[in-house]
Structures are given as structure tokens and as C-alpha cells.
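First chain written, first letter: the chains are A, B and C, and each begins at residue 1.
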């Protein structure tokens, strides 16, 4: 099938492109990029006048819940949500049931993706068996089956020695090491330890819990000369640590999520469980630091940490509610807010969601070039809409952004040359 | 449209007459006490009390009663403000004269009687009102009345007392 | 003044005027408890349910007496005897109770925000009788009522609050309420029991008992919250007591007419000595009496109809 996308503004960070140009897709790859291409012979012509065309977004941190928690999300519904949100590739975390710590589960995920998935899925295997933090998982076999990273996300690897060995071993397979940084013994709480927790009386977690493990994990990786990626960073202290380490020349990268630059701890004052997330929403000063980190390049990537939950898990006391926000379908709009605020230009923002993730994961994706895989999105950076959880394609309707007026909407998603999502109001 | 039912002098005369009637009916002031129903009943009770005290040459016991907790319409109201009840004497065996400004349906008096019964066992309760406007909904009758006027539902009787309204008068007004 | 709140979830959301209005209303209700017929027909026909997920005798009994003295019908649900044991969620419990059309639900729970959760699902009035470490509004109100009664006014008072502040809903509610008046509050506890940033609430913070009690009009002692992880913040109760137990020597450092308060139940000899607890300055039993009056006032104001 040939698809012509004409009149759009192509913003491709890796190739430093930001210009009005047409793109011809043939089969599963990009055939031509030029001005005034002819639509003759094309099966489909898409008029992207006034719209932005970009490489498909890559999410380095998603929870697809399958196998084991299919009532919260499946690979099918999760990838449909990803497509709606403009993500053509997602990395799915290992805290499924059974845990993805061996090739059988990895292959299950790959197979499900093949038959039911709508975008590319790259499994992230567990560091330790069962996420128990005791024995190394079979990384080699998982890698052979398709895993591209390892992480015990949901928790840290508490045993420093074990994590050190894991980092060394992972080098055999060039697996990205993704760190969820949380000192468990400091983490007996549900919100950020700050002014809001003083008022609400909720058990709280200091920023320290994230920062000391971030420092530790970077030190471990440095010791074995392994690159390391710190995921969902939320505190000013962590931003500072990453900045310092980068200045020293250490190979560390970091991502943050939209809720960490749009919401603060105040959202928990009403005990709204939609605002319960791990790491927790932090203070205004932390939000400012995160934004600064995005602006000066300390934070390389914006990920979603998409964490869908069923309604019952959130319809309980705050202490008991599940943590997490269903974020695939709001990430682009919320991230475009950074461009609106003047912190980043469009190319700079998209770099954090396309080029940088692709580099972290060593994937031949995240850009628009001749012969490259045709993973593209067409979006409006101006369209205003109201977030409506009922319209989510994800099974997870748990979002504190429900009802929020946002600007910027993904209209079409193309994966390997096939249109996998079209906004109902877009031709 | 307004009409004055009692002017300042007429009001004063009513109070004097009521004071004398109370003493006459009870053959003196033995075991006699006055309880004024909030709000204007209090000031009327004080004036009657002052007159009786002068005649009898002794201090009459006087109390203040807030009947909010005993109202029968509380289920439908937005928690009307409760004010202090202050009855600094025992009611047991006493002749209590309840004093209120306007007697209408009789429900306020019923509430006041219930309130006093919860404080003890009076020998008898009598009722003194400045205005009886008829239209009773309960079988309650005053023992002492200032002025009697059968008011229609759209007619409003407003009692003004100098202690809180700046002047003494009872005015009848009709909303058109 | 017109009472506008459907629920009483905390004192932080009340204004100074609203608190004074509550105290004035409670004044009238206290008289009921002191006469022979301790009943008024005011809430006749109303149904009040107490839903206690945490053990408590005194608060529950206080609410029950308050409700009964107002002629309301009361039902008590406590965790051990109910479907909570079968794993029913709070939301489901709430929805089931709603179908039986109660007028007021009084809830005590060990997690902050539980009353707020009920308030979102239920139409009837919700009274927070203590939610985790968050607030215990009727306790603070009865404490303020007691202070005002003994000291005539709340403005100008110097108050010390001593004990496990970090885990104490009584401390929080009192601080929120007292800061609406012109008061000076000093919080005192071992450093591990003082929440970070406490000074942001406008209080002075110290870890020395003799500093805390100096020149105070009111000394409020809190109990060690064994149920809320209190004891892992101190090496032992014995050591805590040697440093923070209120004795007569400490009381002598306060003002001559100081009053000693405690929300109860007291750990005698741990946070307060027997002699102080039973001494002339103690108003602890007044607090209990005032608790019934305050709860009558709260039930009254929240049970009003639509008007």
C-alpha cells in the first residue's frame, strides 16, 4: 500500500528537520521525502495542511498488564491506547503475572503483539526472578526472544551487589538498564513528604527515597562502565544528581512523565486517588526543577509510565488505592504544554519522545528517512479538546486529567506503513 | 398598608393591666414566677416582672426560655440557631406564667410547655401574651391577653419593643 | 448564622466564626446533660449510625449519648462484628448504608480520607470521628470549648501540645482550629515524632519539655500512638517517659492558672503523672463532659432539614 502525506510540517529531530514537505510511504518503509510529490498511484492521500508530521512516539515505560491482569488492560487495548496517543512503539514492563523473567513470558508477549497488538511492543524483562530481588533472571534467553531492556520497575533492586552483577551480565546482550529508584525502607507512605502531607495526615515518602537510590544506581553502573537509565524521575534532587553525573561524563540518561511536570502534591489534599502515583506527585519546587531539567537537557526522555487500573482499585481509601495514571492518551497534549510555556521548541520536545528513546533502546526507529520504517504520526499542535476518560481506548480510566482542557491532539498513527489509528474527526 | 394596633401608651397600659390580672388571678405572688419566651417575650416578661415586683415589694423570679430544641418543625428547617435557656430557679411546685409577644397557632406555647415539663413539675402553667391573633392549630388559650385581633393569613402583626427595636408599638400590615 | 456544611470532615475548613458558633450552640446543649431529664425531642425520628473501624469506647459512647439525648435513634457498627471482616469495601458499606437512609453517619477509621470517600458517595451527613493521623474535629472543638470556658476567651492564649505530634490527629485538628484565633502554640516531642515542616503551620517547635511548658496557659498532653507506629520512633516507652512525662515540677513552670488537658485515654505514668492527671489544674474530666455537648451541637447542626 502507498500512502502520501502532503502539506504537513515535518519535524524530525534526529535529522534536524523542521519544514513543510511531503512524504511517500510504500509498503512498510519511507519511499520519498520531497516537496510537491505527486499523489498519482497512491492508495491513500492524506492532507496534513496545518498539521505536524513526526516520527511515531516511542514510550520507554508502559504497563500492558498482560499476562495476568487482563481486566486492567490487555496488549490489544494497551496498544490501541498507545496508537491513539501517537505512540508507535512501547516498552512494556515486567511486573505481569507471571513476571516476565524468562523467555516463555517474553515470547507470549511477542506473540500476542503479533496477533492482537496494534503498535510495536518491546518487552523489558525483569532483572531478578519474580521481581524478588534474589536471583538474576534469564536475560540472555529473554533477549533472544525480543527483550531489549531490563528493569525491576515497580521496585528497586535492593541488593546492591546483585544489581551490580546484573549490570555486568546485561552487557553481554546490550540490554538497556532501566532503574526504578526507591529506597523501600524510606518508602512507607503514599504521598510526598511535604506541606500537603502535613495537612492531609497521609503517610508520606521523602524525596530522599528516590535520590539515594538514583545516586547508588549511577555509582554501580559507573563502576562497571555500564550505561544506565533512571526512569520516572520526580524530584529536584534527582535532577541535580543526574546533571552532576552527566557533567562528570558518566553515561546516564533519565526520563520523566507528564504528571511530574503538570501536577503537584496539592492534588492529594482532597484524597483523590487518581492523583496517587509512585513516585508521588511532588512539590512546586520539584516541578520547577523537572521543567528546568527538561529544558537544559538533563532529562532526555519523556515517558508515560502508563499504569491502567480498574475502577475498584481506585474506589477505596487512599492508603489502599492502587498507584498509577493511565497516561498514553494524554501524554502528547500535556507534553506540548512545555512548548507552549516556551521551555522547549517543538523539535526539542519531539526529540525526547522519538530520537532519544530510540537511541536508549538501540532501535532503528524514531526518525523519518528514506528506507526507514514508516512509523509516523500526524498531529495538530493547536487543536483544543477536553480529556474524557470515557473515550479512552485503554481499559484504564484512571486519570487525574479527566475533564481538563488541553491543546494538541494526535490525529493519525501509522506503524510500518499501516494506518492503525485515525481520529474520528479527521477525514 | 399599615395600622397601629397598640401605640406606646396603649402597650404600656396593657402590660400594667396584665401585671395586675396575674396578681388577681393568683391571689398574690406566692410561688409565682415568670418565664419569657425568646426573643421578645423576654423583654415583656421583664417589664411585667418589674411591675409585679414593685407592687408586691419583693423580687420576682424570672427566667429565659429558648424553645428551639422543642420545635415541632425542626425536621424541615436548616438547624435554627439555638440560644441559651436560663431559668435560675426550680420549677417544681411553682406557678409559672409564660410570656410571649404573639400567640398564633399555639405551637410555640406547646413547645414551651414541653420544655418546662422537662425541667420539673410545676404546679400550674399560665400564658400571658401581648397579642392574640387567633387561627389556633392546637387547643391552647391564653390566660392574659394584651389585645385580641383575628388576623387574616396575609396580615402580618409585628411587635416592636424599645429594648431591641427602638420603639414600642404593635403594627398590623397587609401584604398586597 | 446559618450553618452551611453538610459534613464535618475537619476543622481546617471551618472559619473562626463557624467555630465560635459551634461552641455557643454547645453551651446550650450542655445544660441538657446537667438536668434531671437529660433529653430533648430535637432530633426525634433521625437515624444516626456510628461506623467505627478503629476501636474506641469513649468517643463512640460520647456520640451515642449525644444522639440519644437529642432523641435520635442510634445504631453502632464496629469492625469486629460486621461484614468488614468478610472483606466488604468502605465504598460498598457506604452504599449499603445509604439504602437504609440514615441521617448522619459518624465514622472513625484508621486511614486519612475515609470520611471524604463516604462523603463523595453518600447524601447524608458525615461526621469524622477520627481518620488516621489526619483530623479529629469534634475533639478539637471540645478542647477549644473547654479552653474558652476556663479562660473566657481563646484569643491571647499560649498553648503547649506535647506528644507524638506526627501521628496525632488530635494535634493536627487542634493546631488548625487554634490558629484561627490569636494564639501562640508550641509543639513538643522527640525529633522523630515531629513532622518535617511543622513550623509552616505557624507553631513553635521544640524537643525540650521544660521549654515547651514555660509560661503556658494550656498544656495539652497526647498519648503515645502505639497503633500508629508510635513506638518505633523512640527506643522505649520508659525512655520517652523519663524525658517527656508531665510532672508537677513541669506544671510549676507554667502560668499559675494553667489548665492541663488530655484527649484520653491516658497512659498514666508515661505521658502524664498521676498527680498531675488527678490534680487541681487538670480539666480532663471537663473535656469528657464537654465532648457530649459538642457532639450534640454538631449532630444538631448537621441534621437540619432542607429549608
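What we mean here is this: a contact is a pair of C-beta atoms (placed from the backbone, for glycine too) under 8 Å apart; a residue touches a chain by one contact, two chains touch by 3 or more.
Given the structure is predicted, the values throughout are model-derived calculations rather than measurements.
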Most centrally placed chain - per-chain CA mean versus overall CA mean: C
Chain whose Cα centroid lies at the greatest distance from that of subunit B: A
Separation of subunit A from subunit B, taking each centre as the mean of its C-alpha atoms, in whole Å: 77
Inter-chain centre distance, subunit A versus subunit C - centres from mean C-alpha coordinates, in Å: 46
Distance from subunit C to subunit B - Cα centre to Cα centre, in angstrom: 40
Subunit B - residues contacting subunit C, complex: 66, 68-71, 74-85, 114-115, 118-120
Interfacial residue positions of subunit A with respect to subunit C in the complex: 193-195, 197-203, 206, 270-271, 312, 315-320
Parts of subunit C lying in touch with subunit B, wherever the complex brings them together: 1-3, 21, 25, 27-29, 31-32, 35-37, 39-43, 45-46, 297, 300-307
Subunit C - residues contacting subunit A, complex: 12, 89-91, 109, 111-114, 116-117, 131-135, 169, 172, 195-198, 200-201
